[in-house]
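You will see two complexes here that share chain A, one where it goes with chain B and one where it goes with chain C.
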Partner chain A sequence: MSFKEWFVKRSPLPEMWREHMAEYYAPKNFNIFYYAGSLLLLMVVLQFLSGFLVMAHYIPTARDAYDSVYGIMYDVHYGWLMQYMHVDGVSLIFILLYIHMARGMLYGSYRSPREIVWIIGYTTYLAFMAEAFFGYILPYSNLSYWAGTVITSLFKSIPFIGHWVTTLVRGGAGMSGDTLGRFTALHVTVVFLVIVGLIVFHILYLHKVGSNNPDGIEIKANKGPDGHPVDGIPFHPYYSVKDLFGFGVWLTIFAAIIFYAPTFHHIFLERTMSTPANPLKSLPDVTPPWYLSPFYAMLRAIPNKNGGIILMVVAVLFPFVLPWLDKNPVKSTRYRPITRIMLIIFFINFFVLAYLGEQPPLPKYFFPERLGAVIYVAFFVLLPLVSKFEPTRTPPARVRFRAH
Partner chain B sequence: MSDETQDNKHAPNVTRRRFLTALVTVSGAAVAGTIVVPMVKSLDPTAAAAALATTTIDLNPIEPGMQMVALWQEKPVIVVNRTPEMLATLDETAQKGLLKDPNCNVPQQPPYCKNKYRSRVPEWYVGIKICNHLCCIPHYRPKKASVAPWWLGGFHCPCHGSMYDLSARVIKGSPAPHNMAVPEYDIDVEKKSVVVTKMYPLAHLC
Partner chain C sequence: MKKYVVWAGMTLGLLANASGAFAADNGPKMLTPHYTYNAKTIIAGAKLFATDCMACHSIKFMRYEFLTQDLGMSKADVHKYIMLPTGSEFKGTMVSAMPINMAHKWFGLPPPDLSQMVRYKSQDWVYTYLLSFYRDPQRPSGWNNYVFPNVAMPDVLAPYGGIVNEHGKVLRAGDESPQKFKEQVTDIVAFLRFVSDPSVVQRDDDGPWVLGLLVLFTIFAYFLKKEYWKDVK
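Take a look at the complex of A and B:
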């Protein structure tokens, strides 16, 4: 008996390899948007590596945190590279998350039987938000300090136990070294492990029901004599090699950003990150990073504290029920022009809200912010009605694909 | 487009594919290498740690027969101001055959300290006070018969009983294999100062 036979008899890996790679049949008509998923996996691995290496030099105390981050930038060999990889990686992850989610919404990937895949994926997005927020606090710059103060203040709006929760989160009356300690612990252990676990389940649940495709038709409904979908191709080698090509292109973009525009015009790394925390000096305007600012714009849109927070929470939670708001038998918006137009308005509106959330809190932005909030909520409210009555074109019997 | 053209399979060009696979593998390894090197290098001692590389010790407060310990790169450096009587014991230990390496043939010190004093200037012993056995810190025992009846003065390790003379040469019967290490240093006798510059690369600390 060869060593290979001996090993294979005892190992679950060959079976897993077949189930998830070599004999996982994915539709053959994936387009460019389908790179986002594998690129997200790559980025999480890179964040783990760069994060581990900056953590090796980071000191989570109120006195030393800021200087230790500067030490990473100037004193650690290639510390600037690890630091910029980690900082710019966050923004790139959110770009990919938004592409990945927009893809799912355009082609109806959240629809039956993939509701749980959508819910796990959206939960992962929320976990990424928490991970990004905790990471944001760690350099203990003045922006970290005030962003931490503002965000932890949100918990005060919880009825009855708000103040207790706020104190628990902060580890004291206000932001301090104790807050830094627990946020460091959350950032590197609990939240990170939750993200990894959710990604594993996201993929397992996807592979149980199979991948959707731009045409939104089930390839499993049309199987060939070999028992495999006629419009499916094994993930390995076809998509693994395709994704490898995507890795190359993406890493080139990533490297270009790190080397030539690491702050990305102060969008990926704000100017106010470069002054140490000062409890006596609030920032001129506290704006969140671009990937969270759409929700922040909605928070500001309502001139009532609790009303704004409720709107923001509703806006964040609405996508969870998306699978049940869509009533149309056709999944892909390729064959549903009205929904497609609604979605495109929704996406543009989301980025307009992101822009507005970055602006100083001036009265001239109040109207566009409110309009943006109305459009955001209107999409979810109108979807059940529109999807029920909209005219649709008939999807093709087999996926549209041109061999190349 | 008909289903036949969709499912039409072309025979693959095997040579071309092998070449492309090799090309991708090699360039992929090159890309991985370019990031692995900075990643490993980032765990090197930082510039801040490297800036702490040298230590200057003021000899003025050390009276004859006295010693002082300074911290250099997280290691204790001992400076002993040896009296003529103490220097005389160095010949005695060697003559009695007590030492494992009386002539300092093992390069535990820079070449300019390869003498019975194991120092640049006979009176001033400068060395790292770490036992060659298992990295403990030996005690300084200058008094005669303070460790054993035959004791002429030297260093005695509390962990496993290694013994050294006043030049930190290891005494026979000790578990330590070599003399204690001497770092590279400069001494200015007039200004009474010692600058410990770097570890002597051949020396085996413990």
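Take a look at the complex of A and C:
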């Protein structure tokens, strides 16, 4: 008996390989947006590697945190590389998350039978938000200090136990070294493990029901004599080599940012991140990073703090029920022009809200912010009605694909 | 293919807008220093910084040896122009000799560390700030500033640039011509920009290699993908 036979007899890996790679049939008509999923996986691995290296030099105390983070930049060999990878990687992950989710909405990937895939995926997005927030606080710059103060103070709005919860989260009356200690622990253990676990389940649940495609039709409905979908191709080697090409393009973009525009015009690394925490010097306006600012704009749209928080929570939770708001038998918006227009307005509105969330709280922005919040909510409220009555075109029986 | 061009165009358009839009800045209009960012200007700035700024301001993340490693200054030059005659170590950090408790007493607050000042306030801000001092007898130091009103710092560069009153009238001409003085301030800004991110030297050295290898990998991956996808009808 050769070693290979001996090993294969005892190993679950060959079976897993077949199930998830070599014999996982994916539709052959994936377009450019479908790169985002595998790229996210790549980015999480890279964040883990750079995070591990940065963590080796980080000191989570109020006195040393800032100096240790900048010490990496100046004194550690290739410290700047780890640091910029970790900082710019966050923004790139959120770009990919938004592309990934927008693609799911465009082609109806959240629809039956993939509701659980959507819910797990959206939960992962929320976990990424938490992970990004905790990471944001760790350098203990002045932005970290005040952003942490603002965000943790949101917990005060919880009825009855709000103040107790806020103190528990901060580890004291205000931001301090104790906050850094618990946020470090959350950032590198609990929240990270939750993200990894959710990603595993996201993929397992996806592979159970099979991937959707830009035409929104089920390839499993049309099987060939060999029992495999006629419009499906094995993930490995076809999509694994395709994703390899995607990795190449994406890593080139990533490296170009790291080497030539590491702060990306101070969008990816804000200016106030480069001055130490100072409780006596509040920032004129604390704005969140670009990937959270749409929700911040909605929070600010209502002048009452609790009202704003309720709107923000509703806005964050609305996508969870998306699979049940869409009533149309046609999944892909390729064949639903009205929904497609609504979605494009929704995406543009999201960008506009991101822009507004970065602006100082001036009265001239109040109206656009409120309008943006209304459009955001209106999309979810109108979708059940529109999807029920909108005219649709008939999707093709087979996926549209041109050999290349 | 045409579709992708449209998408790429839209994405680039958004990014181009975003770079201006997300970096909103309010306040007085800033001047922009014009210079070539190279070792020559940075070293000239380092010498001025050591002579005129480092009595009060530290750049505690910088080490003297970075000037030789990254900029190619000779060790002898660093000793001669940059380091204090006594005391500081070549591998040590560039810390001001002013005691913190005395600084508190003299200025109310110790002068800030300038390691990340350009990154924090932008080089335009630092440049404009250094050119915006005017004589103000009301202030304890005798100086005030348009960009940073009531700042505790006096205009230490006045011997070079001269003294003006708050209306811009020249009270005493500087030792240097206005042209030369602006150049000196620009050099200091270039040095502080380098201090705020010394990795720029290594990034510029390694960048083309990393990008080149990744592009090469991408080209190979593209042809591999094409080869496999020939079978997909």
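Here are a few things to note about the model shown:
The working rule: the second predicted complex is superposed on the first by the 404 of 404 C-alpha atoms of A that agree within 3 Å, B and C clash if a C-alpha of one lies under 4 Å from a C-alpha of the other, contacts with A are read in each partner's own complex, and residues count from 1 in each chain.
We adopt the following convention: contacts are C-beta pairs under 8 Å (C-beta built on N, C-alpha and C of every residue); 3 or more make two chains touch, one makes a residue touch a chain.
Treat the numbers as computed from the prediction; the structure is a model and nothing was measured.
Of the two partner chains, neither chain B nor chain C is touched by A:S11.
Put simply, more of the residues of chain A are touched by C, taking chain B and chain C as the two choices. In the superposition on chain A, A:Y74 contacts both chain B and chain C. In the superposition on chain A, contact of A:P360 is made with chain C only, not with chain B.
Once the two complexes are laid over each other on the shared chain, residue contacts for A:L53 go to chain B alone; chain C is not touched. Judged by the touch definition given at the top, the superposed model places A:L244 against both chain B and chain C.
Once the two complexes are laid over each other on the shared chain, residue contacts for A:N278 go to neither chain B nor chain C.
In the superposed model, A:T189 lies in contact with neither chain B nor chain C. In the superposed pair of complexes, A:R402 makes contact with chain B only, with no contact to chain C. Taken together, the two complexes place residues 71, 74-75, 78, 81, 244, 248, 251, 401, 403 of chain A in contact with chain B and also with chain C. Across the complex, chain C meets chain A through its residues 4, 7, 14, 18-24, 26, 61-63, 66, 115-116, 119-122, 196-199, 202-204, 206-207, 210-211, 214-215, 217-219, 221-222, 224-225, 228-229, 232-233. Remark: chain B residues 1, 3, 5-8, 24, 28, 31, 38-39, 41-44, 46-49 touch chain A in the complex. Interface of chain A with chain C (complex): residues 28, 32, 67, 70-71, 73-75, 78, 80-81, 84, 233, 237-238, 241-242, 244-245, 247-249, 251-252, 255-256, 258-260, 262-267, 271-272, 274-275, 290, 351, 355, 358-360, 401, 403-404.
Looking at the complex, you find that chain A touches chain B at residues 49-50, 53, 56-57, 71, 74-79, 81-82, 230, 244, 248, 251, 398, 401-403.
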